[in-house]
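Attaching a single structure in structure tokens format; questions to follow.
The first chain written gets the first letter, and so on, giving A, B and C; residue counts start at 1 in each chain.
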Amino acid sequence: MSVPPLHVTQSWASRELEHDRQLFRAQFSPDGQWIAAGGQDKLVHLWELEKEGKKTLEGHKTWVSSIVFHSKEKKLFTADYLGVIHCWDYEKADKPTWTIKEADRDNVRALVVTADGKYLISAGDDAVIKVWKASDGKQVVKLEGHEECIFCLAFSPDGKHLVSGDLLGRIRQWSIGTWKQVRELDAKLLHTRKENFLADVGGVRSFAFSDDGKLLAVGGMKEAKSNAFCPGKPTVLVFDWATGEVKNELGIKGKSDGPFNALQFLEDGNLVGHTEILHSDSELVFWKVDQAEPIHSIKNGSGYDLSLHPDKRQLLVPTYVTGGSSGNGGRGKTPENYLPNTSILRVFSLYAKPEEPKEG
Amino acid sequence: MLGSLGGLAGFGSLLHPSVAKQIKERKKQVCLIWLDGGISQYESWHPLPDSKFAGPFRSIKTSIPGVHFSELMSHSAKIAHKISVIRTMSTKDPNHSTGVPRMQRGDPLDRGVDYPYLGSAVAKLLGPADPELPPYVWIKPGNGGFIHREAGFLDARYGALALGDGRPPVHIHRPKGVSSELDAARNALRQKANERFKAYRNLSDVDAYETSYDMARQLMARKEIFDDEKLDPRDRERYGQHPLGRHVLQARQLLEAGVRFVKVNSYHWDTHGDNFNMSQRLVPQADQPFAALINDLDDRGMLDHTLVVMMSEFGRTPLINSRLGRDHWPDCWSIALAGCGIKRGAIVGETTKDGGFVNGRGYDVGDLFHTIYNVLGIDGHRVRYRHKGQKLAIANDDCEPIEEVMQ
Amino acid sequence: MSIPFPTDYASKIFWVFAGMVLGCHLFAEKPLHREIDKLVKFRAGDVPFAKVADDATFLRRVSLDLTGNIPTTDEVILFLGDKSVSKRSDLIERFLKGEKFADYWAERLSVMLLERLDLGKVSQDEWKVFLGKSLAGEPKWDEMVRQMIEAKGVGASRPAMKFLGKADHHLMTENVSRLLLGMDLTCAKCHDHPSVKEWKQSHYWGLFAYLNQTKQATRKKEGKTYLVESLATKKVEFESVFDLVKMSTGPRLPGGGEVEIPQFEKGEEFEKVAEDGLPAVPKFRPREILANDLTAKEYDVFTRNSVNRIWFLVMGRGLSHPLDEMHSKNPPSHPDLLALLAREFSGHGFDLKWLLREIMLSETYQRASRLPKGVAKVEPTSYRVVTPKGLTPEQLLRAVLRVTGNVGEINPPDSESEAEKFDRKGYFTGTHDELPSSLEDMKAIFVQTFGEPPGQPEIDFSPGVNKSLFLMNDRLIQHWLKPRSGNLVHRLGKLNKDSAVARELYLCVLSRLPEEEERDWVSDYLSENAHRREEAQGDLVWSLLNSAEFRFNH
């Protein structure tokens, strides 16, 4: 079946999966048949899409922070805030196949698998990138150099390089195989620490390489005003991969005040990203990368991840939904009706909604 | 000189050395560490990792069996047996602008006056611990100055001497070329002029003006107590090389010198956004110096007569918002106390399983103030201020001391 | 229009009686300044009052109150030597007509209205020029306030909008209520005021509803920002945090009637289309209505607050004090006097100079601050003596500069290059050794030391250890006390006779002649320090600069 042509301005929410707790990561499997998601309830949730099946995997002892499907096999890797990485044979088993107990002293914030399926690579709070064999979780090598926690990792499309981005806005490029640092890129605009801040705010929160490997989009926020509300201007820096210099700075037209948590290049070379905002509606944003202003925005609750379906037409966003008790103070609520906030896994189809078939 | 300072209710004559020594031995002091904005109780004193509102961090054992703090409080966990924690503070005000003064004034029943902040109240009720030192010193980031506003309806002299970034006012140093003899001589001229001016005037403002000079000269004479060059580099490490660490260490220096009440402020704890990344970095900045201070006071034999309180104006919501932050939560939150008259190792207050609500006894700030006054030897129900002919309660009359944390 | 007056029985009786007394006096048409004295004396009863202040004291007081500085030595000598019977009223007149009045009162009103905040798109300089122009000539207070709220001036009158800052709706509501109505409604935003029963949440939101359509918009061509209004279509909704009952209100002044929000046919709502970056102008503009309603003669709340604040500015304390607590639980010290001033002020077209003149011609204003013989203490609110006021930070700077004679040390504003900006913060943290040389920098230093933090009202005298340390030890002041061509210490150095030194010293620093005892002190000190006479003269100046008599406007 051929896919409809990409038409982002006509995008529509084609599927919604509700969940009663907050989910921060959600990914399509490489074959597009599964969605895996995880977050606040410590469980790994799996939906088998066509069969409308649902599975829950128990094992993590705290919030799930990273999720990645194996690029070749039917395996899922998940990590959490205690530095644990589980490998799941998700179609069959309910327990992890193997576990790395201390992949980080604290939060494993980024988890990626090489396209050839050989290596699983993690990074997080201890500022060290760790390369593991994807088959059994044995450590291969550690890459040191970052000074502050690492938020994200990505591979160049040619599979030769890995990039890592940290809290201070520094990006390091590593060569796969020789595991040496090759270059540093400067995304310090995405980091703020004013004199009266108690902590660094922002950082490099997301990466996306263009399909042809010529551009690297780096997401975060600039000009944070405080380390309390942490409000800033959601910003994407588009780097020319060859020169390592910033070609463009992309922003939004709306009012969102959080970082770009996830970015994704589309087949037509356009870029999409999702940001967050306090107590209001945020947005899914589309750009032509040579223009600072978006070509299209879709109002959506705050979103924390993006995953592009292998058909390259469906975009998955784990989206915040208020449970109705948000804001300062209990304001008369009781333990019974003070309910947690929830999530919707919202899939946007990036083309015109087909007309309903006519009756009769 | 003593008379001109005032506030020495009941301590008539301190001139006799043995009397002075006796009183010195009895003197009680206070250190209030104020984390402005609202530290998250889930990320500090009351982690509850199985709660549906829990954050992602570990909870760790403390030195009290069965009691856990957040892993972000690793230093305080080791000295839990020396402190008390109240986990069911339950107050009314969810706003900063009204909540901060309300908490620091003890939320008394309104009598149409501006009540003094705790430091000014203690300065008035107990007077200076050392008559040559200001009774109330406030170490804070930003600018210093004399903050008379905190004295409320009390005389302006009970306000706070604020040290910007912990530094004494730059004008504490005599100008070059002015010896102490010359300074004394020209001040004598000034005082003569003032005596003449006051001869036919009876004005509290002029008295207050003179008092400020007396206090200024006393500060100049004792300026070494503000000199942080004297601090041991190992102490600086132990307290933490960040502003709050430095400032709590400076507070220790002032307490050792004999200042009655020292407040230390830290700002920007109001983590509505990115609460978990921020708490990970902020909470240890309070934990480390707090524990170091308790240990140092204990080692110096000062803990039994020095009250230490660490708190904010409220806690943070169980619910996590769309910016991965927590909002304000006065309904059920935590504070820590230690020292003078406070039980060692009392962890007080039952909450619901998920930690959001009080299950049983909740405590208002009026109760906290009664507790504070009580351990300082002041009966919160009987002692009264006199203001323009009125007798005013010093704490909320509807509240009671919190027995569970008192020795 | 109902007004929140005290309603208890005793106050009512007093009101009736005061009304009768007033009635008699008004019928006789005595000047206001006499009425002020009569009412003050009446309330105090049969007790001794201080005499009227001597000439030197009077000159210094009026000079500070109308021009913002102490008099020069020459002015003191001239005034003391003037034999004319009308010299005091002539002096008041001269000052009211002079240039310095406008500058100084612009400064004081600015501090009162803006509380040292610099918000919005009008610069401080533009605002000061506007205020100064308003105060030159015959300023009418209602007109000034109306311009500030209406804020639709262009060109020279555009800066009136500075009072409304950056059009933050809540901040504007709080400022209007506190500063123009004498009602601190800040706590009535979320619920009825917790301690003042007559201040309701609906008062807050009624005011808010006049202001919540206001926003900033910039004219594209000239690049200047103005305050505009959006279309108001419905009442403002609010609910108390305590009982969560939804309420609503249209624009309404406290004690006033609710303004109905007109509903227009679609397409009929605007009277001018959008152009040049400014949005369309709606026919219904609540803020403009507020400007008129609030300053209307009949709106007593505004008039009472106005006269209360003007009284405070010259007498050091409001008749109702604190200034933003005008409610029945905090009655004015002289309700009859306050009512009279309000009536007369509005009756005279809110003529500011007229009111100031009348207050200053009264004995109440001119009284000495020294207690009458045999009296040990009086209540400040009895006005049996004048209560000294602290000099404002700016007055203090100007007075110190005038005294030490170092005005020539100040660089004119244009001469300072951008690259060499004076590090004010470093001055206070002691990280550099430089001294400020521009008046702006000196002012900033004095304001930081003696003023309230931005956003706080500057009302009561607030001594502080840091302020006294400053006057004692500050490098700049020490610098001014060193003899330098033409300055005071240098001039003193040229005088051989001790008595001449004493005379020059006291005339210059304290604006009066020294008493015999004081001449003796000077002489003794100079004798003891004969080996360092010039420096000793600096010590004498220092001691008087640091004295209470200098610090206060007595």
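Assume a contact is a pair of C-beta atoms (placed from the backbone, for glycine too) under 8 Å apart; a residue touches a chain by one contact, two chains touch by 3 or more.
As the structure is a computational prediction, the values presented were derived from the model and not from experiment.
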{"item": "Chain occupying the middle, per Cα centroid", "value": "B"}
{"item": "Maximum centroid distance from chain C, chain identifier (CA atoms)", "value": "A"}
{"item": "For chain A paired with chain C, centre-to-centre distance based on mean C-alpha positions, whole Å", "value": "57"}
{"item": "Gap in Å, rounded to a whole number, between the CA centres of chain B and chain A", "value": "43"}
{"item": "Chain B and chain C, separation of their C-alpha mean positions in angstrom", "value": "35"}
{"item": "Contacts with 2+ other chains: residues of chain C", "value": "241"}
{"item": "Set of chain B residues in contact with two or more other chains", "value": "94-95"}
{"item": "Multi-chain contact sites of chain A, meaning residues that touch two or more partners", "value": "none"}
{"item": "List of chain B residues in touch with chain C within their complex", "value": "94-95, 97-98, 110, 112, 134, 143-149, 156-157, 159, 161, 164-165, 167, 169-175, 178, 182, 185-187, 189-190, 192-194, 196-198, 200-203, 205-206, 208-213, 215-216, 219-220"}
{"item": "Chain B contact footprint on chain A (complex, rising order)", "value": "21-22, 24, 40-41, 62-63, 65, 80-82, 106-107, 125, 196-201, 226-231, 257-258, 276-280, 282, 301-302, 304, 320, 322-323, 325-330, 334-335, 338, 340-341"}
{"item": "Complex contact set, residues of chain B against chain A", "value": "37, 49, 52-53, 55-58, 94-95, 141-142, 242-244, 266-274, 277-278, 280-282, 285, 317-325, 327-331, 352, 354, 356-357"}
{"item": "Complex contacts: residues of chain C adjacent to chain B", "value": "186-187, 190, 194-195, 241, 329-330, 369-371, 376-378, 385, 387-388, 390, 427-430, 448-449, 453, 456, 461-470, 472-475, 478, 517-518, 521, 525, 539-540, 542-544, 546-549, 551-552, 554"}
